[in-house]
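The letters A, B, C, D, E, F and G name the chains in turn, as written, and every chain counts its residues from 1.
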Amino acid sequence: MPALTRIMLDVLKPHHPNALDLAMAIAGLAKDYRVSLRVTAVDEKTESAELTVEAAAIEFETLREAITAMGATIHSIDAVEVAGDGGRSED
Amino acid sequence: MPALTRIMLDVLKPHHPNALDLAMAIAGLAKDYRVSLRVTAVDEKTESAELTVEAAAIEFETLREAITAMGATIHSIDAVEVAGDGGRSED
Amino acid sequence: MPALTRIMLDVLKPHHPNALDLAMAIAGLAKDYRVSLRVTAVDEKTESAELTVEAAAIEFETLREAITAMGATIHSIDAVEVAGDGGRSED
Amino acid sequence: MPALTRIMLDVLKPHHPNALDLAMAIAGLAKDYRVSLRVTAVDEKTESAELTVEAAAIEFETLREAITAMGATIHSIDAVEVAGDGGRSED
Amino acid sequence: MPALTRIMLDVLKPHHPNALDLAMAIAGLAKDYRVSLRVTAVDEKTESAELTVEAAAIEFETLREAITAMGATIHSIDAVEVAGDGGRSED
Amino acid sequence: MPALTRIMLDVLKPHHPNALDLAMAIAGLAKDYRVSLRVTAVDEKTESAELTVEAAAIEFETLREAITAMGATIHSIDAVEVAGDGGRSED
Amino acid sequence: MPALTRIMLDVLKPHHPNALDLAMAIAGLAKDYRVSLRVTAVDEKTESAELTVEAAAIEFETLREAITAMGATIHSIDAVEVAGDGGRSED
């Protein structure tokens, strides 16, 4: 099965949990997740963030549940990188 | 025969399957396909995406059928990279 | 536990302590902190600065306390990078 | 004799053959041709493309004939790289 | 103690000493100072310059005194990089 | 004697010889000349081109004569790189 | 004594000597001078050029005299890089 190696999400989140807490929670989902989060817009009650996760194989459903559990929502999937089995073992 | 090593397509797709599912399906076509997909515009019922596939030798017909089978259409071929037999073995 | 490896803060500070003193104080918090601070706007009594800290594992609470103790405030967390346990040991 | 190692052409082509077919045909001219083609403008009946060929020694006449045989025309030669005999063996 | 490894200053200076003399004087402060100075604006009697000093450990007070002794003034500290003890020995 | 290692010329040329023929003729002047030519403007009877030649030691007079012999003229010398004897042997 | 390792000058020069002759004369001043000259503006009788010299240790007075002897004048010193004794031997 192909592996999702990178995903960039446009996330709408409340001010709390803050960017750091959200990123920490996601990085805690698996041992090799590298997470970066950049706040792109701030409104009165919410903020938009560009959330990027990289790993050998990201489990998207688990990721989505974690984001939702923090009170945030995935506004859109803006970019993905996927490698076939052979491509993955090559890296 | 020369090999298609990289292709960038402008794809028009319905919201479902989402970007991730479309990329996963394409990466599943062969063991060494590396797929990236970037959403470039979102309309009410469709979204445009820049889909890039890289591999040692991409089979375009299989790729087109997979895209069509997901309900998406290739709007245009925006860039290709092709290597002759000698150039390929050199890489 | 995932580690915070990079954080970029938008900081509002009085003119004194100056950028150098603030950065030195933060770098003194742990042996491996690398701190960079760039002044982005200067007003009559305050200045805004983009403060970036990188380390193997940044303790955010200690960082926030140090910033506050200098009379400055964290206006926003603009970017963070976090690595899961496995990702961290891989680096 | 100096060798043409890279050429970038502004090509005007009908929609068919498409970008992929045109690039494949050119890459088939010699074993080491690396071809990239980027569509730059699309009109009702034609499209403009930036066609780049790289190789140890490109035969321009053969290249022009292949392009013409596909129904396309070279609008202009936009860039060339040429190496003298010594320069070539140095690479 | 953390070390100041890079500092970028906005300096206001008279036309004399010129940019070269000012940079030479600063580089003479310690054996490993690397100094770059870029003139950013020229007025009738003064010019503004972006002065950057890099070293293993810059002594800011000595630097400021040298700048003042040349008739120039530090208009602002625009960027600093500081490394904790561990971070420094890692480099 | 210092060596001219790179020169960039603004050349005005008739449409014939074309960019390729002009570059080939110049690359034929010496064994190690690397020539690149980029067309920057096209008028009814002439075109402007940015011609760059790189080599261990370019003979400018021979270069100018070759350009003139093709019906083209050097509009300006836009950039040169020259290395002293020591600098050259260092490369 | 600190060494001037790079200097960028804004030079005003007559059309003759041309950019090449001026650069060659400067590169002839010492064995390791690397000189680049880029013409930035052309007027009826003069042209402006950005002249950059790099070397282990540039002698500015000799450089200025050579420029003046060619009928050109240094309009401004736009950037300098200087290394202290230790910094220099490190490179």
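In this section, a residue touches a chain if its C-beta (ideal position, glycine included) is under 8 Å from a C-beta of that chain, and two chains touch if they have at least 3 such contacts.
Everything numeric here is computed off the predicted structure, so don't read it as measured data.
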- Taking each chain's centre as the mean position of its Cα atoms, how many Å separate chain D from chain F? 23
- Message: How many angstrom lie between the centres of chain B and chain C, each centre taken as the mean Cα position?
- Response: 41
- Task: With chain centres taken as the means of their Cα atoms, state the distance from chain A to chain F in Å.
- Result: 52
- Note: chain D residues in touch with at least two other chains are none
- For this assembly, give the contact graph shape among line, ring, star, complete and other. ring
- Note on the structure: Going round from chain F via chain G, the chains run F, G, E, C, A, B, D
- Message: Looking at the complex, which residues from chain F come into contact with chain G?
- Response: 1-2, 4, 7, 60, 76-87, 90
- Message: Can you tell me which positions in chain G touch chain F when the two form their complex?
- Response: 18-20, 23-24, 26-39, 42, 55
